[in-house]
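Listed after this line are the structures, all set down as C-alpha cells.
The two complexes that follow have chain A in common; it is paired with chain B in the first and with chain C in the second.
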Partner chain A sequence: MADILSPLPGIFYRKPGPDKEPYVNEGDHVDVGQTVGVVEVMKQFSEVRSDVAGTIDRFHIEDSGTVNPGDVIVTVSEA
Partner chain B sequence: MAFEILEPGLATTVQDRGRFGYYNVGIPQGGAMDGLSAEMANALAGNTPAEAVLECTYMGPRFRTDRDTVIAVTGAPVDVKVNGGTRGQWSRLELAAGDEVAFGILQGGTRFYIGVRGGIDVPVVLGSRSTYGLGSIGGFDGRPLRAGDLVPVGDSAGPSGGREPLQEIDPGLRPRFEKEVTVRVMPGLYDHRLTARGMETLLNSIWTLTPVADRTGLRYSGPEVEWQPRQQPFGAGSDPSNIVDAGYAVGSIQIPGGKEPIVLHRDAVSGGGYAMVATVISADMDLLARSAPGTKTRFTPVGMEEALAARAEQRSLRARLWGAGA
Partner chain C sequence: MERLFIANRGEIAVRVIRSARELGIRTVVAVSEPDEKSHAAQLADEYRLVGPAPATRSYLDQSAVLAAALDSGCDAVHPGYGFLSENAAFAAAVIEAGLTWVGPSPEAIELMGDKARARDAARQAGVPILRGSEGAVGHGEDLIAEGRVIGYPLVVKASAGGGGRGIRLVTAEEDLVATVEVAQAEARAAFGSADVYLERFLGRARHVEVQVLGDGQDAIHLGDRDCSMQRRQQKILEEAPAPALPDAVRQRIRDSSVELARACHYRGLGTVEFLYDPETHEAAFIEMNTRLQVEHPVTEMITGLDLVREQLLVAGEGKLPLAQDEVRFRGHAFEFRLNAEDPSSGFMPSPGTLERLDWPGGPGVRIDSGFVAGSVIAPFYDSLLAKLIVWDASRTEAIARSVRALGEVDVEGVKTTLPLLQALIQRPELRDVEHHSKFLETTPELLGGAA
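Let's look at the complex of A and B:
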C-alpha cells in the first residue's frame, strides 16, 4: 500500500470540473505520475499525482473536502 | 551566479522589506509577508536586512546553484534537502556549485524563506526588489518563479560589511508556528458601523483561517456580525458593510456582508468601499503571515500605546539579531 499525500492545504477535488467524470475511481488502475485529483488554494489548481503504479484502494478525502499538507488523500495497492 | 529553478513550487516570489512611498498611488508596500523570518534568513546568509530573499508558500521550489554559496532557510517548518540529504532550518548551509536544493511537505505555518549570500539580484523597481504579482512589477519579471528561470544572485563578496555572519538563530528567538493565535487589533476607523453586539462578536469569537489566504489578505470563518442600520449614503454600495470609498490601512479588517472577516495584508489594494472595523497592529502582521489554514484566531483590542510598545519591542528584537550598531 502506498499513501498519496497532499503537499498543500486547500480544497480537494476528484474531478477536473463540476460536470466532469472523476479522474480515477476506487478499483481503477493508476500509472506513475497519473493525476488522481486537484487541490485548490490561492486561486490555483495543483494536480495530485500518484508516485506509484497500482490499483486505487480507497479515497480518504471526499470530493470538495478540506486537506492539509501531509494528509493522506488516497491509498494505492502497488502492482 | 544564479539559481536554476527546476520546479517552481506553488508561489515562490522574490521579496525584500517592501516598496514604500507609493501607496498613495495604489502601489502596496509588499515585501516579505513574515518579515522577521525573512530578516533572519538574511542574517544567516551574511547579508544586511535589505537583501532580497525567496518567499515560498506551502510548496517550495527545487533549484540548483551554479556556484559555491551560503544559504539559510527560515520560517515555516519544512525539511530542507540538499542533494537528497536532510539539512536544518535556522542555520547557515554551505552549498557547492551544482548542489540541488529541495523541500519536503510543510509541517506547519504557511511560508518559508531562502536567504542567499549576496541576495537575489533582480532589478530594483520603485525602490524595491519585491514581486508585486497583481501589478506585474518587481521581482523576477513581476511574477512567481517558473521552471527554467535563472534567478540572479548578487556578488557573494557581499554587502555584509565585514560583519561576522550568524551561524544559527537562537531557538528562543525563532518565531513560533502555532495552531491557535491571538492577534492584537485597534478598533477603527469604521468601528462605529458595527453595533455593540457586532463588535463583541468580532472581539470574542474564535475565527478559523480559511484556505482563502494569500499575499493580498486572509479570510476567516466564524459567526455573522451585526451592522448598525443606516441610510445608504450617496456613493456607497447597498450592503451595510459598504462605505463611500476610502483609503485602506495595511492590516485593516473588512467584513463584507457581515460574514467572513478579511484582514488585508502586504499586497492588498490601497482603498475601496468596505468599512474597516479594526486594524491589526504592525507588530502582529508577521503572525498572520505565519498562520496556516485552520488556525484558530482571536482578535484582541489594544490601544495606541500598547501598539507602539509592541512595535518598539519588535524593533529591539531585530536590533539584537543584527548586533549593536547594525
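Let's look at the complex of A and C:
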C-alpha cells in the first residue's frame, strides 16, 4: 500500500470540472505520475499524481473536501 | 436601508462595513466556517454562517446566502466584488425577496455579461469600439468575409467570457475557421454558450477605464484609471487619473461611458473598460463591469468621495447624490495589491498565519486590509491580503511617496508580492508611462525574484 499525500493546503477535487467524470475511481489501475485529483489553493490548481503504479484502494478525502499538507488523499495497492 | 447583508469576505467586506456604519446602517456579514473568526466577522454588527470552506458551498451558494440575509432581518444586500456580484439570477432573487440589491438591475448585469450584446450597446451609445463582427459569428464563407473586413491579427472572443477568459488569437486567415470552431466548443463547455465574436487585435495596449455612477435615469463619471500593470490578466498596480492620455481621448471615453450608462438605465457603480493604443491614440471598449471594483480607492483618493457611500445612497434613495459639476479631481493616486503569493517561486500561493503585520503611515497613505496581525490567510479563497493606496499632489510625488510607504510594510508569516511591488514602482517604464498590459510577462527579471 502506498499513501498519496496532499502537498498543499486547500480544497481537493476528484474531477476536472463539476460536470466531468472523476480522474480515477476506486478499483482503477493507475500508472506512476498519473493524475488522481487536483488541489485548489487560492484559486490556483495543482495536480495530485500517484507516485506508484497499482490499483486505487480507497479515497480518504471526499470531492470538494478540505486538505492540509501531508493529509492522505488516497491509498494505492502497488502492482 | 437599515440593515445591510454583506455577501462577501476579506478587505471588501471590511470596506463596506465602514461606509455602512458611517451612514448609521447595521451590518450582517456572511461567513464560511473558516471565516467565523475573520476580521470582517468581528467588525460587523453580526455574522451569519452560510456554509463550509469551498466557496461553491458558501459564498457562491445563492439560496444559502439569500436565506441568511432574510433570516437576519436585513433589508438590503451588498455583494462586494467577485462571488455573486455579477450574477443576474441572484440579483433578481434578492429583489424578488423584497430586499434592496446594492447594484445595477439584473437586466443591466445580463446585458453587460454578454460581451457581444455589450459591444453592440456600447457602439450604439457612441463608445469607441474595435473593428469587429456585429454580434456572434456564424460559419464558413460569412466567417471568412468577416475576417477579411476586420483584418489580421484578430481575436476570437467568447460572448459569455470576460476578465480575459475565452480569448484566442488568429494571425492568418487559414487558421480562422478551425480556431472559431475550437473557441465555440470551449465557450460552450466553459460558459454554457457557444457564441463567439471577432475583434481586431491590439498588441501593446494600455488598460484604461472610466468609473461611472448612475441612478437608472441619469449618470455621471468619477474620472478614469489606468490598470495596465497586470500579470495573467490580474491587475497588480492601478492609478488614477490615467497618465499620458490626450485630452480628447480622455473626454471621449468619459462622455461616452456616461452615455452608455444612461442608455442602459444603469443604477449604481460601474466601470467601462478600454484598451488604449499609445501609438495611434485610439481607445476601444473592452467590457463594462457591473460592480464595485477592487481598485475603486484610487478614484476615492483623487475625488475625495466615498464610493461605497454613494453606492449605498443610490441603492437606498434611487437618486444620484451628486451632480457632475460637483465632482472635482485633485492629485494622483496609486494602489498596490499585496497578495499572499511568492513572486520568487512562480507566484506560488502562500497561505498561513500573519505573525506580524506592520503598515506604513504618514500623509496620503491608506490601507484597506481584510486581516490583522494574528489573522489566518486561508487557502480556500483568493490571495489578496490588503491594498496599499498612496496619494500625492502629482504623479511624480506619488511615486516617491509610494516607494517610501512600501518600504515601511512588514509582513511575517506568509510570503507576499511586496518585493515585486517595490520593483515595479521604481521602474523607468512605469515612470515614463511606457508600460502596457503585457509588460510584466515580457520583463522576466520582474518575475524571478524581484528584490
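Just so it is clear, the second predicted complex is superposed on the first by the 79 of 79 C-alpha atoms of A that agree within 3 Å, B and C clash if a C-alpha of one lies under 4 Å from a C-alpha of the other, contacts with A are read in each partner's own complex, and residues count from 1 in each chain.
Throughout what follows, a residue touches a chain if its C-beta (ideal position, glycine included) is under 8 Å from a C-beta of that chain, and two chains touch if they have at least 3 such contacts.
Being a predicted model, the structure only gives us computed values, none of them experimental.
In the superposition on chain A, A:64 makes contact with chain C only, while chain B stays out of contact range.
When the two structures are aligned on the shared chain, A:42 is found in touch with chain B and with chain C.
Legend: residue contacts after superposition of the two complexes on their common chain; A:5 is shown touching chain B, with no touch to chain C.
Residues 8-11, 40-44, 66 of chain A contact both chain B in one complex and chain C in the other. Residues 52-54, 56-57, 189, 340-341, 348-349, 351, 379-383 of chain C are the ones that touch chain A when the two sit in their complex.
The part of chain A that touches chain B in the complex is made up of residues 5, 7-11, 40-44, 46, 66, 68-70. Residues 10-11, 57-59, 105-107, 211, 213-214, 292-294 of chain B are the ones that touch chain A when the two sit in their complex. The touching residues of chain A, counted against chain C in their complex, run 8-11, 17-18, 40-44, 64, 66.
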